[in-house]
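Below you'll find the structures, each written out as structure tokens.
Look for chain A in each of the two complexes below; its partner is chain B in the first and chain C in the second.
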Partner chain A sequence: MTARGSNWLLFWPTLVILLFFLVPFLLLLRVSVAMPGLGAVGAGGFDLRNYTSLPFDSGFVKSIGFSLALAAGVAVISLSLAFPFTFWLTRMKRAAQVIWLVFLLTTLSLSEVLITFAWQVMLAKRVGLSNLLVWMHLLPEPISLSPNLWAVVACLVYLVIPFSVLLLFPGMSRIDPQMGEAARTMGASATRAFFTVIVPLMRRPIVACFLMSFIVTIGSYVAPLVLGRPEHWTVAILISKAALNANNLPLATAMSVVFLAATALFCGLVLSMSRSRARA
Partner chain B sequence: MRSAPLPRLGRYLFLTIFALFLALPLVIVAGVSLNGTRRMSFPPEQWSARWYVDFFNDPAWVSALRSSLLISALAALLAGTIALPICYFEWRYRLRLARTLNVLGRVPFMLPPVVLAVVFLVFWSSLSHVGRIEDVVVGHAVVFLQLPLAAISLGFVSIDRTLVEAAQTMGARDADVFRTIVLPIIMPYLISGMLFVALLSLNEYIIAQMVVGFAIETMPIKIFNSLRTGFSPTMCVGAVLFMLTGLVGYICIALISDLPKLLGSDRR
Partner chain C sequence: MLGLEVQGVAKSYAKASVVDHVSFSVPQGEFVCFLGPSGCGKTTLLRLIAGLEAPSAGRIILDDRDITSQAAHERSFGMVFQALALFPPLNVEENIGYSLRLRDGRRKTHGKRIEELLELVRLPGIGKRTVSQLSGGQRQRVAIARALAQEPRILLMDEPFSALDAKLREEMQVEIRLLQQKLKITTILVTHDQREAMTLADRVLVMANGRVQQMGTALDIYRNPANKFVAAFIGLSNLIDVEVAGASSVRFADQLIDVGHIPASVAPGEAATLSVRPENVLVDSLASGRSDELLGTVIFVRDYGATIEARIECSGREIISVSPSAQWRGMKAMDKVRLQFVADACRVLPP
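This part shows the complex of A and B:
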């Protein structure tokens, strides 16, 4: 049995992935070292100015730092909410699981634009949350609850939580329920069994989930733009401004490359930390 | 696991708050879309479906909806035609090329969308082929390729290889095996994978905006643009239609395939 006869069927996927992913990605690297200028590839030539000017742009440096911190914070919050939820989810009956999963997937695939819009409506002066807080005597009168940092964080947690749950789900559903029961029969409390048995078993999914939530958040664009003030703008916003408003593609590509490198560096750091802790 | 009353109460409380947190923004937008007055208010001051009528009478919204649906359908088809051969050849002949493509095809999904947007913007600009619908179709198909790859690979794992061997001993050719064994088993996974692509493509904003935003308005682009110019209840109608599309799409996936298994659970 050989594949020779129908090998050509792989030609199509190879072509698409090469032509529409690898080539464009290499082009990104190429354009990032082109002379600044209008048009697709700037003014051509070779010039490191796009990169050398970045460290002196305090807006860009601050924005990278802010984006990393924001993404890490949001990833931690959503992980700590998603973890207990996923634990209980995997112990529900199958039908209940399916309903929760459909619900989670629906919110997961909702556009960042829609989610941000929904939060903006919810945080507006005349709607929902503000009135509720007044009714609970937590606020003297209805106010607009955005733009501020907490609106951005809440909206991003909302955006990321379904991802976190779905990444923890496979690992959690494979844990044998008898493991927890065994710990209980030996006299551990439910909480103690949870932290000494379930959490350590989930170490790798937890790290994977943290990193994926981090990556999803760090690419966020609409939520910080609409619910935050300019000091809450993420790198994604600066990159799109450089590409669209300033029409400076070489600068935008250089920013993208630095952004990717910073993200990769952070993820690598987290991974190596989790590995060295696992060995210890 | 037996549990004491107090922890059980805590669990129900947590699950209720979790569900409310997820549902609240959606419920509020749906409520605002049914409000009879032009002002944004919740609960609605008077119930009315007038903004739904407005939505479908506004050519700008209808054309945005149409281009979104077209882009997502084409992107899903394209992603399906790429993912199926990769997974089939990896499973059937264990080709190294297929395995490489299966790994490579999952990379774009991991990259920040704004970087991918810049990548595609540079690519299409350098070809002087900008603002066309196919630019964003190809972009979405490549970015979301991870989903059908993962779903279909999972499907192939579930095929019993002895079934294939039995068919071959009885004289079935490769094409027969593919048609009579592989395709029927793989079909639900293929369709689910493609539905995932379609739903995510429908909702994708930044890539569509940067690649074709100045020429074509998709629904997320249209909603974002209206968001910047001020509130109108018609936007809520657009948002509600999108939520319903997602809900119906995922219910379809749950009906045609084993959703917990598709998402990685291995228990019945």
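This part shows the complex of A and C:
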């Protein structure tokens, strides 16, 4: 094969990205400035009102704030659970590690929809967890544990944790156990050694894991819809309502673009913060 | 006693015994090397002393205080690890100051102490560099400075020079010895390199199969090996199966050989092993032809300039001799020769 031929082969992933990501994104931008009700997809012409009317739209800004806070919260909770678990996992025997990793991969094969409805059943009054608590004499009678915010958070954390563990595992398993031992011989207790040596060594994977959990959660749709009240609805739900119920595609796309910008801004902020911490 | 005492310490994993009831003591200020083949338990013994492993049996005593159950971070012995384990997120200064920060908190600055330590390991002014900017030798020195920062009662080193090239290793060996003598710090170094152990240590502890085979000065161990393993492991030795004949002689190849002294552990008539270092095997040309001498045939001669090594077949056994060139009388391969062992240098060991 000629050098030029192999270059073209290497170029095709770029083409795929252009075709399947950039083109739809450009279409999205185009539709977001269209006039509602015109053209083939119900959107044509040019109108900036989709954007100018947004902040006054019912609860949209509040929903952006809620979505960001929910995603950040879920990311923090899943990181703080996954990190110690992964540390413990890397100190296990090889065979036990494989079993855990296979188990985690298996849970990834379940769809978000399936998991969400499973949580709904688990939190329900008739058959749910509360019956277990009653049986243990911790509750007088069964109650429904959803819809509420914590049901949404629990379900999302459950969804995100396998990703977090799989993302932290390679970095964590590369850390030489001598690092922790060195800290201990210098007067650090096991806990102290963990926070002063292991955590700083894992700074990059921690940031990557936080951002990944954040991105996975920010687009959540089913869990808040099924397990939350209307005030817990994420932007994704509002967008789908605008697009499908109100049939206003230009408004929905404008919401998406603004939401995308807000998310990008947040991620950029986290990255620059972690960089400045590294330099300090 | 001021110093470290290890009393009957054992460590076993599942059913395998790694350290088997080891006892010895290291007086304050002494430099001891644990020497042995890989898998002999020397690193585990060091980790037991550091508190990184808990012993299955026995006691560890420092300055008459039992520290067996004390956690590693409470012992605060300085330790240099094989992989050095410098912390990459921290710079040189922060690495060295790690133990001081833990002890005194973040508020106190330790700039002066850190600079002193860097001067001690002859790396002044590199405090602000990151670990990745250092060469192998520099990392080694920073690791030593870091281990010394907390002024430990004992400095432990686990094969610290194994990653360095030969020239740098020799330099570091001299340097660590000078440093140890200057600070008069009790030091234990684990190595599988007998040259390293012999040149560094006041006393060498030879280990095999989890047990102490012998402990003594380098010269003592070389001259008076306690058993067959030590005789074979330290330096080069001819180990010859013999039968004890009398109070000071053994029988080999139908000849009585005078060996000066036979220990009480082997009785006349019993089998034993005779250990003779090659420099104590004297070779002469066959002139006298007396029947009461040990005779052999030269197989191979190698001329090193200052010395000559010869391999001599004698009653089905190969015996190595090293003689100063001036005393070698020009024997060649296939020549018949007579052999003589220097009686005072012969050691009779249990088989």
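The definition used in the following text is that the second predicted complex is superposed on the first by the 255 of 280 C-alpha atoms of A that agree within 3 Å, B and C clash if a C-alpha of one lies under 4 Å from a C-alpha of the other, contacts with A are read in each partner's own complex, and residues count from 1 in each chain.
By our rule, a contact is a pair of C-beta atoms (placed from the backbone, for glycine too) under 8 Å apart; a residue touches a chain by one contact, two chains touch by 3 or more.
Note that this is a predicted model, so its numbers are computed, not measured.
S.K.: Taking the superposition as given, does A:K62 touch the first partner, chain B, the second, chain C, both, or neither?
M.R.: So A:K62 meets neither chain B nor chain C here.
S.K.: Classify the contacts of A:S256 with the two partner chains as first (chain B alone), second (chain C alone), both, or neither.
M.R.: In the superposition, A:S256 touches chain B alone.
S.K.: Touching A:R203 in the superposition: chain B (first), chain C (second), both, neither?
M.R.: After superposition on chain A, A:R203 lies in contact with chain C alone.
S.K.: Once chain A of both complexes is superposed, is A:R275 in touch with chain B (first), chain C (second), both, or neither?
M.R.: The answer is neither, since A:R275 touches no partner chain.
S.K.: Which partner reaches more residues of chain A, chain B or chain C?
M.R.: Greater contact footprint in residues on chain A: B.
S.K.: Of the two partner chains, chain B (first) and chain C (second), which one does A:R192 touch, if any: first, second, both, or neither?
M.R.: Touch status of A:R192: second partner only.
S.K.: Of the partners chain B and chain C, which touch A:R184 in the superposed model: first, second, both, neither?
M.R.: In the superposition, A:R184 contacts both chain B and chain C.
S.K.: Where on chain A do chain B and chain C both make contact?
M.R.: 181, 184, 190
S.K.: Under the stated contact criterion, what part of chain A meets chain B in this complex?
M.R.: For this pair, the touching residues of chain A are 1-3, 5-7, 9-10, 12-14, 16-17, 20-25, 27-28, 31, 39-41, 81, 84-85, 88, 90-91, 94, 97-98, 101-107, 109-122, 124, 126-128, 158, 161, 166, 169-171, 173-174, 177, 180-181, 184, 190-191, 215, 218-219, 221-222, 226, 235-236, 239-240, 243-244, 249, 252-253, 256, 259-260, 263.
S.K.: Sort out for me which residues of chain A touch chain C in the complex.
M.R.: Counting only chain A, the residues touching chain C are 176, 178-179, 181-190, 192-193, 196-197, 200-201, 203.
S.K.: Please output the residues of chain B touching chain A within their complex, sorted ascending.
M.R.: Residue list for chain B touching chain A: 1, 3-4, 7, 11, 14-15, 18-19, 21-26, 28-29, 32, 39-42, 78, 81-83, 85-86, 89, 92-93, 95, 97-98, 101, 104-105, 107-108, 110-115, 117-123, 125-126, 128, 138-139, 141-142, 145, 168, 174, 196, 199-200, 202-206, 209-210, 219-220, 223-224, 227, 231, 235-236, 239, 242-243, 246-247, 250-251, 253-254, 259-260, 263-268.
S.K.: Over in the complex, which chain C residues touch chain A? Could you list them?
M.R.: Going by the criterion above, the answer is residues 50-52, 71-79, 81-83, 85, 87-90, 98-99, 102-103, 146-147, 149-150, 156.
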